[in-house]
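In the two complexes below, chain A is the common chain; its partner is chain B in one and chain C in the other.
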Partner chain A sequence: MPTPSSPHLREANSISRIMRLVCAALFPGIVVYSALIGPAVLAQIVLASVAALFFEAVMLKLRAMPIRRFLGDYSALVTAWLIALTFPPLSPWWLTVTGVFFAIVVAKHLYGGLGQNPFNPAMIAFAACIIAFPALMSEWPAQGLMLPFEQQLEIIFGFAPRIDALTAATPLDVIKTALKNNALRAGNIQELLMSQNLYGTFAGRGWEWVTMTYLCGGAFLLAMGVITWHVPFAFITSMAAISALCWLFDPGRFSDPLFHLFSGGAMLGAFFIATDPVSGCATPRGRLIFGVGAGILAYLIRVFGVFPDGIAFAVLIMNICAPLIDRYTQPTVFGRRANGRRS
Partner chain B sequence: MMRTLFSFPGGVKPDPNKEASARAFIASAPLPERLVLPLKQSAGVAPLPCVRVGERVKKGQIIAVAEAWISVSLHAPTSGKVTDIGAHPLAHPSGLPAPAIVIEADGEDAWRERQPLDWQGLAPREVQCYLQQSGVVGLGGAVFPSHAKLGGDTPTEELIINGAECEPYITCDDRLMRERADEIISGVALLRDLTGARQCLIAVENNKPEAIRALRGAIGKHREDFVVVTLPARYPAGSLRQLIYALTGKHAPVNVLPAALGVQCFNVATVHSIWRAVAHGEPVVRRVVTVSGNVRAPKNWEAPIGMSMNALLQLSEPLDDTDGLIVGGPMMGLSLPLTNAPITKGSNCLIARSPRLFPPRPPESPCIRCTACAQACPQGLQPFELYWWSRARNFDRAAEHALAECIECGCCAYVCPAAIPLVHYFRFAKGELAAAARERQMADGARDRFEFRQFRAEREKAEKQAKTAAAKQAAVMSAAAAPSEKPAPTPPSEP
Partner chain C sequence: MMNKDAFKNIAWNGLWRQNTGLVQLLGLCPLLAISVNTVNAVMLALATLIVMAMSNAAIALLRRLIPHEIRIPVFILIVASLVTAIDLLFNAWFHELYIILGIFIPLIVTNCIVLARVEAFASKHNPFAATLDGIFMGLGLLWTLALLGALRELIGGGVLLSGIDMVTPGAEPLRILPETYPGFLLAALPPGAFILLGCLIAAKNWLSENEKRKTQARSAAVALPAAPEEKPAA
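Up next is the complex of A and B:
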């Protein structure tokens, strides 16, 4: 028997525990989200989870890897939940499954499986689907629309016709369209948002409650040591800074930083997506750069780009840069630091 | 007294598990009948045996003599008869035997004549030689000959005495500080005089209040100005570079000795053994060993060097499910099957293993780049990068990521959620790099030899031609006078 190598002790930690903590941190957000939109959210979560576990099992089998052990690391579940939360809640079932397929099969396993994927799988799913099915990926439930559970299910599973009246533009979309048409005058923007309000006061349609719970979930992950502060801090500060800059420049055309931070996927992106360790940066300074880049790009894409939100593409672009950033931000080794400097 | 400490990066806080063995007084292990003394017990060159099989030896008599400057003499731990000089298994994962001297004890435990050294009148160099002849090495585990650390070119500013003892389970230094603080402080004073250090700092982790009290009491009694510095308990606070930084703010890469920074560092047990050698004429023949883990009576034993590990373990009554030994602490120690390999000067702790106390590491998962390892690394390395390149067998890239700076403390592997045995990979990569360096050296040597041979062959050819030409000419000149000389035969070329 080969004698085991030191150390002979190990902290009670595992990838499975980390992933379960991430799921736990997402949970309050899911509850608030489904309270706002309806049980369709839960249906999407279940659908995506089942699909993800299925694809994961098939791929593990094809790659002759221990299925039980790797399914038990819950990484597929986290990807599934992120897809369910970033796709429109009334997406048809096959859209969600296609997204999961792209994430698990293409972005994860074809690149070598857990730990090897250069891109965030959930964001690959989002990007692939929004390019392939732009209309469906932009169909968010119209304001105040609370359909009964059966009807939501019928829409998702395609038994009911997808009527246009069901969906409407998101607040982000409304503002972007207005910006494009140059229809906004100072003061209008608040009115416009108010007209979109269901429960909320500053991010439209009560969405801020959802993002607020994501923020809380993110704080929980920070407290548990699952993520470090660098990416969320850099992401939020940079997005706040650039939106404040534009807003101060022309408050009539650009909405305020609070709106940007609490609408769309900003908080989800800052704490749950841009923090993905595998596809992100690994050095402390690298993570700051990654967060700043993702925050600014997300703002630019969501305000000036053609897509409803910019998180996915921002994160994917930064994924491409991550290895290079890491390379140039290697920390100084302890023994080679200048004397007398505090570490 | 409050000192501002510098805080080294990373570190971990494993369960200390020290109370059990720290409670009891140091007990003297009964003398075994047979002692196996491996020749190489320190860093550097193994000493040369100077006794014959069958020879009677006294306790403390030199049985192998230092061969070089980085080498110390070895002594008989008890009186008896030398019964064998040959290969014996050691506490080493390879299980390969190594040269050792075996002594059958006669039970009298009779000392050779012991003479204290009147060191105050001596030059430091003479004291150094005395320590070398007394077999003093670092007892904290590094087993570097103590005399060789002294007498560098850089004047010593800080003398640091390491009583941090940050590894879980180990309490031998703690007990020693509690019970023999007086001798330790005398030893510190001796080292202060030898090094001319401006300041003496004794570092102890804050989880040893009794030891701190005992040291402070002894310092007061001796009217010295040594400072006992309380370190926050965090592994590896007692590691050389982390300790020096914590106390002085000085950084040292692994290839720079602390002495070059004006710092000298000795472990408390080493200081104690130095004092025993100088003040009592007793060379290093015993050491305190913590025996703990899966045993009924965890305790510190003062055991003769050369005693069987298993025999020592039995004194603390191992439980039935004991399935092996950890020699050293659980973070850096060696895991071995139950073994009769001997205690050496570096063995500070024996831990009885059981699957309950030390569950086997789960199978390793892929690295998810969570950077928990980097956050825990006290050397500021990026262990996941080292792992990535080591695994890819791209050892040069691993070296670029400062693999050489890894002190194998185990913090990274302790926290890794993917259960990757990182240190194992790093040792492997270091081994491969060392092998590659050796090969390169050998290839360089071979190339040099080859080139030299070619050069010589050409030179000889040229000489031969010249000679032949000269001979021909001579023959032409004295055509009739003399018979033509034969050209000298070419000397055989050397290998």
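Up next is the complex of A and C:
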């Protein structure tokens, strides 16, 4: 390739730098998460990373692309970490590997590799696995019941029987079941959640600590200029708005906005998943629309849908809309009027 | 009657080159909805095959009598009467299966493959060729549907031929994968049908590409029999 003439400006952000920063931003969340659940989280991360690098290498080889260069961009690693953090920590090993297979092979490379994938690979993994194995994907460990490391490993790798008593409904499940049955034994949703609390005060069972560290990681990404403010801002405000609306309408049936923002995958989704530069929107206004849509859909799916959390499906639905949104939100070209005519 | 090449051409078109499921992508509604297992898939494909063979034959016989302007309604009427007969036969012989296949047997009337072959082939050819075309198009659909159904029930639950007792009483489905196989539910659901059909189409295109490349290489070798620079492959 001939060198273009000067001046040369070097872009400070390379793919591998961005991906390394994302990993760094996920780190505090991982620490808190594994402190609450146990080292199984770390085992899942290692397992997912190894599987992701393996599938990535195989696919690059099959597509006759330079393996070393593309493995070194860390994008497979970020996908693997997001899968490990969104799957239940005690899932059997083959569930995680199946998820990674769907993310790397189907969602990423069959569509043309990094930069070409219309859907967020980690969320495809989640969606495929929760549709294929709904029971296993809803087995979240009861918190405060931390098993020794060896036993957690034995459960993941299938040497020990999966004990039903170890798992429990997440706070989101609890309120959804209450909403479905329409009869709250504990009086109302707030009291019900309080009765479930072990560590937390407002989002139940330690989830709030994990999500708060994700929030910190997200703030770090914002400060480093890896993501723009549009998607997280739109996601969080729209989710807060719709949950506040429902909560004000009937505080006995719907839980408050704070609970929704700090439970499940809301913060992880707002800062790490919906901000994916490839499958999301590219224009500033488009990103706002993307965030608002994802936030509202996530709330509706997690409260009224069948699945435990709605982030994955909300992000995937908005991924489908992203090209259309981009098409209609193109910023005005400098020197032209908004309708495209010359001024 | 017809020479060997014309016969070969019709057979190859139906089974592979113009395969209804993998190339023409016609009639995807029953293809995706019914292919949850091999038995359902094969039985529906058989029903479609019989309808296609008979409707092609009937319309090829009547092709000079049908006014061109109203040919489509006439085709539909003929196909519909044949489908009604098949529908009653299925109800009488395979009643349990008939209940499962449900609306998809009457829907053969609206299956675009049937109408497409009637319009594109039977109305322009003699009855013998038209019948053959219907049979081979049906066979192409049959093997595609059977493969898709087998893949879906194998990946989805680890068994083959589930529901076989509805066709031959007393037969047992084959369990291929061990009992502990958790079952990949996605394959049995509609998205699994789309994903697996996509994989089958990709495999078909890959094989066709390979074939084309080989014939090109062969014709190139024939065209340049003794290029001086080229050494024989080691």
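Here, the second predicted complex is superposed on the first by the 322 of 343 C-alpha atoms of A that agree within 3 Å, B and C clash if a C-alpha of one lies under 4 Å from a C-alpha of the other, contacts with A are read in each partner's own complex, and residues count from 1 in each chain.
The criterion applied here is as follows: a contact is a pair of C-beta atoms (placed from the backbone, for glycine too) under 8 Å apart; a residue touches a chain by one contact, two chains touch by 3 or more.
What you see is a predicted model, and the numbers here were worked out from it, not measured in a lab.
Engineer: Which holds for A:15: it touches chain B only (first), chain C only (second), both, or neither?
Structural biologist: First partner only.
Engineer: Contacts for A:131 in the overlay, against chain B (first) and chain C (second): which applies, first, second, both or neither?
Structural biologist: After superposition on chain A, A:131 lies in contact with chain C alone.
Engineer: In the overlay, work out which of chain B or chain C sits against more residues of chain A.
Structural biologist: Looking at chain A, the partner in contact with more of its residues is B.
Engineer: Kindly classify A:282 by the partners it touches after superposition: chain B alone (first), chain C alone (second), both, or neither?
Structural biologist: Touch partner of A:282: chain B, not chain C.
Engineer: After the superposition on A, what does A:331 contact: first (chain B), second (chain C), both or neither?
Structural biologist: first
Engineer: Can you name the residues of chain B that touch chain A in the complex?
Structural biologist: Those in contact with chain A are residues 6-9, 12, 14-15, 93, 168, 241, 245, 249-254, 256, 261, 324, 326, 330-337, 353, 358, 360-363, 365-372, 374-375, 378-382, 384-385, 401-402, 405, 408, 410-411, 413-419, 421, 423-424, 427.
Engineer: Hey, which residues of chain A end up touching chain C in the complex?
Structural biologist: 98, 106, 128, 131-134, 136
Engineer: Residues of chain C touching chain A in their complex?
Structural biologist: Where chain C meets chain A, its residues are 182, 184-187, 189, 191, 195.
Engineer: Of all residues in chain A, which touch chain B in the complex?
Structural biologist: 1, 3-11, 13-15, 17-18, 69-70, 73, 75, 113-116, 225, 228, 277-278, 280, 282-283, 330-343
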